[in-house]
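First the structure, which I've put down as structure tokens, then a few questions once you've had a look.
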Amino acid sequence: MSEKEKLLKIQDLSVEYDTEISTVYAVNGLDMELGYGETLGLVGETGAGKTSTALSIIQLLPEGIGFVTSGSIQLDGVDMLNTPEETIRKMRGSTVSMIFQDPMSALNPVMTVGAQIMEVLKIHHPEQSRAQLEARVDEMMELVGIPAKRKTEYPHQFSGGMKQRIVIAVALACEPKLILADEPTTALDVTIQAQMLGLINDLQKRLNTAMILITHDLGVVAQTCEKVMVMYAGEAIEYGTAEDIFETDQRHPYTQGLFNAIPKLNEECDRLEAIEGMMADPTQKPKGCRFADRCKYATAECRAQQPMRQVGPTHYIRCRLFDPMQSAR
Amino acid sequence: MPNLLKMIGKRIVQSCITILLVTLFVFFLIQLVPGNPVANYLGASATPEQIEYYTHLYGYDRPVIVQYLSWIGGLFRGTMGQSISYQSEIADILLPRLMVTLSMVVPAFIIGTVTGVLLGIVSALNRGKWLDSVISFFANIGVSMPMFWLGMMGMLVLGLRLHWLPTSGYVPMERDFGQWLSHMIMPILVMSLGVNAGFLRLTRSSMLEVIRQDYVTTARAKGVPKNAIIMKHQLRNSLIPIVTVMGSRLGTMVGSTVLIENLFVIPGLGSVMMNGISSRDFMLVANGVLVISIFVALCNLMVDILYGIIDPRTR
Amino acid sequence: AVGLTACGSSSSSSTAASAGGAASAAPTSGPKMGGTLRFAYGSPIATPGYTPRASGNAAVFYLNLAYDNLFTYDVDGNRVPRLATEWVFDEAEPSITWTLREGVQFADGEPFNAEAVKANIEEYQANNRTEVANIASCEVIDDTHIKMVLAQVNSSTLESVGFFVYYMSPKAIANPSSLDAGTCGTGPFQLSEFENNAYAIYTRNDNYWEEGKPYLDSVEITVISEPTTMSTAFQAGEYDIISVGDMSPMIKQELTGAGIYIEERNTNGVGIETVGLIPNSAIDSPWADARVRRAMCYAIDMDAINAAFMMGTAQLTDQWAVPGAVTYNDELTHFTYNPERAKELLAEAGYADGFDTKINAISSLSDMMTAIGNMLTEVGIRCQINQVDAATQNQLMLEGTWEGLMPHYATVSPDLGLYMGRHLDANGAYYAPGIQHPEKEMELLEAIRGCVDETEKHELEKELQAAIYDAETGSCLFGRPLFINSASSFKYDYVIDDFSRMSFSASWDLSGCWLNL
Amino acid sequence: MENTKKKGLLDRLKSSRVLRVMFGRKIIVVCAVLILVMVLVAIFAPVIAPYDPNKDDLYNVLKGCSAEHWLGTDSNGRDVLSRIIYGARVSFTVGLVAVLISSVIGMALGLISGVAGGVVDSVIMRIMDAMMAVPMLILALFLGAILGQGLFNVCLAIGISMVPQYARITRGQVLSVRNADYVTAGTLCGASRVRNTLVHVFPNCLSANIVTMTASLGGAILAEANLSFLGMGISPPTASWGAMVSGGYKYLSNQPVIAIAPGIAIMIVVLCFNMCGDALRDALDPKLRGTLGNGSKKRRKATKGV
Amino acid sequence: MEDKILIEAKNLKKYFKVGANAQLHAVDGVSFTIKKGQTLGVVGESGCGKSTLGRVLLRLYDVTDGQILYDGVDITKMDSKEIRPIRARMQMIFQDPSGSLDPRKSVKELIGEPLKIYKVCKNQEEYDRRIAEIMKTVGLSERYTESFSHELDGGRRQRIGIGRALAMDPEFIVCDEPVSALDVSIQAQILNLLMDLQKEKGLTYIFITHDLSVVKHISHEIMVMYLGQCVEYAKTKDLFANPLHPYTQGLLDAVPIPSLKAKKLSTQIMRGELTSPVDPAPGCRFAARCPYATDACRGKDIPLKEVEPGHFVSCTRF
């Protein structure tokens, strides 16, 4: 694929957090590419660096604490790391927008929901008249399935699912090219979750919006994403299309563990195969495979730096078990 | 809205109970203060007969509970009773003085709150930078100085050495506004400094708290410009805890006028209370505390209403 | 120290208080009319208008502006006519007959006459005032003559009626509430605006009986209870004249030292006060023993106290009267600073190891009391300072329940017998239940009251003091008088008055005062 | 095993995030050191003070600064510096005792109120409201007039007037803590209500109170000064900063150092307590974690290089 | 032994007072029995009263109405003293592992708390031994004895919670979403542990969760709750093989399955929002969201019907 077709291109991204006590290496040398209209599922355990990746794309890492220490991010042809803040601000909401995990806290409690949708429209379409904007607000509300007359209400008057719809409406109002959805449904029920994911997918299709869906639920990924990236301790350890990940025997041992650890609805089993051991310490800079401590296939070799290996046409794995040559055959 | 009305109703009932308790509390506490109001009024040359005569005249010879009840009864009939040391109806003494005090406290409060909140915002936005440290440091110095000491220094420097302002005294506003102002500048500034620092610290921490909220990040993700985020998203939400404190702070300020009025010779509620205590004019003191507590209750009520305006969740 | 003269040392004419008066030392071209005198003063007054209720010295600053008495005193303690031009004390009847000044009017236009005097005396009696307690009845002889029949012979009655009673308009007496915030007297100024404890504004009384007076348009009194604030304001030029309390020698020194201000001090005139230290001898304690009380007197180094706290300005005494006054008893053995003698006396009394006691002091005196406490502790009277406020001190004095020592204020002149009697006589206004009251004192007091002859009376007064203050034999009931109160007033040199009646508070008079601006 | 036990308090303190964050800022270290110095000065006053603070020298009063008396002498000829040094004792005692009294009573009332709820809660809280409605200074004046003078009485008066503050904070904390899962877990472990309150609820209310304590230490020192100014402070000749300021006021225009010096002492101590209190609050508040922006300088350089 | 009923709830109700005179029907007439050594899974939407049910069973809340029989004894009305000895036999594991551990206590103190309260250990030695034993059972290494919970990760924290629950050797444990806050990899460890313990000690669980796959894995019987009421109650196998209630069907449909072969999400069913649990009107509470709702569903409560042996459902369609 040529440069032009790519919406997002991340190379060797590293993110660090400076806390009072120590430095957390949240993302370590991440590469990622995403085309227009594509959906990428970003999976991984708590603390794997999923949110940090998303925040660095939209350049909202907590000020003074979180820093991109190396790498580059190209979004829609813009170098996100070396562009003035004002330009990036204008891109937020219009080119890229973000949906946060908890709808309860993502809405300002003292503003009406209508005003919160209106706000993003006003910023990015200052040329439009108030009436036009109002009409667009109504349209967005209807689009996410809430009667437009409720736009004068405050967030606390809405249920969790409705709030999340408003959040989605805000994110989609300016028809961005990329949506970063950071665990948008974790706080919701499965039934509502299904509704939301369906809604997002529909709108995405309609507007040809790309999306990075962050989650640790492989089930959600399976049902919504075309591409999948599995992260572990700040690194991408596996990357491929949904088919590559879900319908294959070639999986990174961690991904494998993840699949095994989930109780299956449609299979019987007595015992779950848990991944023993704990997450790697994020305050240590990695040397070699970070999963090695928990991996049953680990050998001394794993202590050396592991590159991403291409194991299929679109499938990459960061593990010495997979020989790139073999897969090419 | 009915929610808010209900809350206000509940608050009014609560305040009434509190005020009643205050009256009980103060009235009986006062009885424990050594000293005799009549003897104090009459001075050392009073004869026992004179003392007896006035004691009876003012009803100080009745049992305490009867005195209390007749005071409360009087309040409902619209009289606070007679002050022995001032020889007049207490309401006539307290109300004009309350006005004097308020004419000092309210501007001080407004100046202190506004500058405090503004500096707090500046401080929070520059957190960790030198400006933050400088502001915090001076704010802390502000609250750490004894108010009367600060007043003294002001008098010494601005009044005595530089002759910029009168050292003390009071001129009624209606007599000469310019004079009134020149006399009040110093006390108002001294009082506002303490408030300023308090609100500065509060605003700073409350802003910092709000900065971390998801909805602020959401707003940034929407591309809202920085200033709009501060004004529309951060400030209003961080005002909620600030408003809560405002009511009680205004009340405390009225209390601390005792010092300032004494120092700057301002005939307000604080100095009248001080006089009441030192001359053992029990009724005056009790009524003074009553007035202050009613004032505090009103402030809190206003806070509740403000709360309703700022925070739709309470409506 | 109030009373206005340009220079504290200038002697004054001992007679006429009225008309014209002696010229002040300031070289001026004569009185100027108009202007407002800004005066700062430390104590408030509750009712400036209704005189029977106003008591204590504080009131005088307000009362004398608006009211007059029958006579007043000059600097040497001689009586000077005011509303009365003459008076006769008849020992036989007993009675006093007053001749009243003609043509005097109250501010409301009511005439000042015998009926008015009678009404005032009766109003004072209705208020249980001790000043008029000895008057059995008032007989109006004619418009300008009134006879007051006394219940018993008492040489002090003349002063208490003539000097301490202020005359209000009979119309105002009929409606006393009109006097709650106003005045209606014969004085040079009348109250026009009043905020208790804050300020009082007096304006010129056009009906004033002294021709051409007062010169000022108005007098503004501001109450400033904090002496430092007051002096600071004065230095900043916010007041023309201030009256400084007894405990501010520092302020005095500073103001006088600056040279641009003029101090007026009382020396031994009317209403002068002593500050003393009075042990409670009535409750069972070491202080019940006269030797212990004498030991205390020996243990205090008054010169040091004077140097430190009065900047050496205080006049010291060791009896009720002031050295140099007619009532001062030179023959007494004096207390000198002698800690050895004090220890001896303590040992004699059985307190060789000393004892613990308290000094109850209001905060304005606490530094001095601390120093005194340290001196007493040196000889074994271990003192702890108990700071009380004025109200508590009043009550302790009234009930006689204080423990240990307490500061004590006593009026010294002119009528010593009267003042001592007030403290010693069970019926006296300042009766001190906290001291022992032996027989002999009462006898002497009776004798003094019955004695109309001045010289004889002074001898009796000296005898009374000997009984109490002699260093060898005295009972030291009132402990140790420490020094004479030397309250002063300070003014700018443009505040001038045309006569001099220097005396403490009692004869404050601004009718002859003008501003030379 | 043995080793882990020995780890003990000191190590725990060392590794405590809170302390590390708090003292991460140099200014706080300076404040803490100043407080420490002041405390040491107070403790070793007899050794440090050049003169007896209560020794009069009546022929040598109100002298300005000199080689013998660095800060001059006061109205009784006492050495001002020595009195300030001894005055530290009073100020710290007042601060500590008043805070102790108020926090103990206040926390007890708040605990009872929060745990018991219902009528007890209403009664206690209304009483606290009533006490709050009476201005603190006036309340302290009352109590001062009733109790009389003396160090302890002053502490008591100030302490009582600060009780409602603690009661409210504690109650608020109790309400937020009492339904926490770990308290429920305590109940399930068979703990009685009293045990649960003392073992689980109370310790978790402490941190908010500790912050209040550091701040109100300064407040109590100021309150003593205020009471002294109104003539209701500690009885002479005991040196207290508040009394020195109010006593020195008389000599403001010609010997201002007598009033200024103890005023500055008050200011420094209160300032230090306030700063430490603020820092502690910031450090304890999990919501503020990381917003303090430590180390940002170092990092900013690094990012520029990218 | 196998079939002995350990706990039985009869028409259990728990209402909370909200506002002046409104009642929140958190649990509204729920009945079930749990046999010894078995697990009852409780699933349902957030706020449907699962936790409340668990807490009511442990008598952490007073019962509004109905009856709880524990081992045949009616514990519904017992006061806090009487309940103590019985409480020693029942325990709870909480959803939020950090929230349920007192941040000021070390691991040892946390696990040892019930031992201390019931004074089961005669001396320090026994106490230490007991704690070491428990820690081993739940798979906590001994070096964490003196640690504080915030120094540990979520999985270990939850193990402490389990250890504390096990300290008194209880027979019955309420597991209130014990794995919801954990990562999948750790979730599996904890689920395994719970199942091992059940096998070893014959524990009885009530397992609350909203994750159907988890509940399927661990429970013998399942109760589906909706707004305080039980809408379906059956053996695990029966329920998954043949879900009857429209809500249960909706739930099963909505569960995302980590496989591309599974059918894609259907967004059509289950539109509409939750009804309020405050003073709900009589009738089926799911009616507002139910695609099959008719007038028969509204107006009066729908009783639970046994449509197959051991399979209960409350729906007008059966």
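Miscellaneous remarks
Letters A, B, C, D and E mark the chains in the order given here, with residues in each chain numbered from 1 onward.
Please note the rule applied: contacts are C-beta pairs under 8 Å (C-beta built on N, C-alpha and C of every residue); 3 or more make two chains touch, one makes a residue touch a chain.
Heads up on the chains, UniProt names are A = Dipeptide/oligopeptide/nickel ABC transporter ATP-binding protein; B = Peptide ABC transporter; D = ABC transporter permease; E = ABC transporter ATP-binding protein.
For clarity, every value in this text was computed on a predicted model and none was experimentally measured.
Path length between subunit A and subunit E in the chain contact graph, taken as the least number of steps between touching chains: 1. The chain with its Cα centroid farthest from the Cα centroid of subunit A is C.
When the interfaces C-D and B-C are ranked by how many C-beta pairs touch across them, B-C comes first.
We define each chain's centre as the mean of its Cα atoms; on that basis subunit D (ABC transporter permease) and subunit E are separated by 48 Å. Computed from the mean C-alpha positions, the centre of subunit B (Peptide ABC transporter) lies at a distance of 40 Å from the centre of subunit C.
Subunit B (Peptide ABC transporter) and subunit D (ABC transporter permease), compared by their mean Cα positions, are separated by 23 Å. Shared interface positions of subunit C, i.e. residues touching 2 or more other chains, are given as 226, 232, 235, 389, 392.
For subunit D (ABC transporter permease), the set of residues touching two or more other chains reads 145, 249, 252-253, 291-294, 296. Among all residues of subunit B (Peptide ABC transporter), those that touch two or more other chains are 34-35, 127-128, 155-156, 160, 262. Note for the complex: subunit E touches subunit D (ABC transporter permease) at residues 55, 58, 60, 80, 84, 87-88, 90-92, 94-96, 99-104, 113-114, 117-118, 143, 145-146, 161, 164-165, 167-168.
Contact residues of subunit B (Peptide ABC transporter) toward subunit C in the complex are 34-36, 39-47, 49-50, 53, 85-88, 93, 96, 155-156, 159-160, 163, 166-170, 262-265, 267, 271-272, 275, 278-280. Listing the residues of subunit B (Peptide ABC transporter) that touch subunit A in their complex gives 127-128, 213-215, 217-225, 232-233, 236-237, 310-313. Those residues of subunit D (ABC transporter permease) whose C-beta lies close enough to touch subunit E in the complex are 1, 4-5, 7, 180-182, 184-193, 195, 199-200, 203-204. Residue ranges on subunit A touching subunit B (Peptide ABC transporter), taken from their complex, read 58, 60, 64, 89-94, 97-98, 100, 102, 105-111, 119-120, 123-124, 154, 156, 167, 170.
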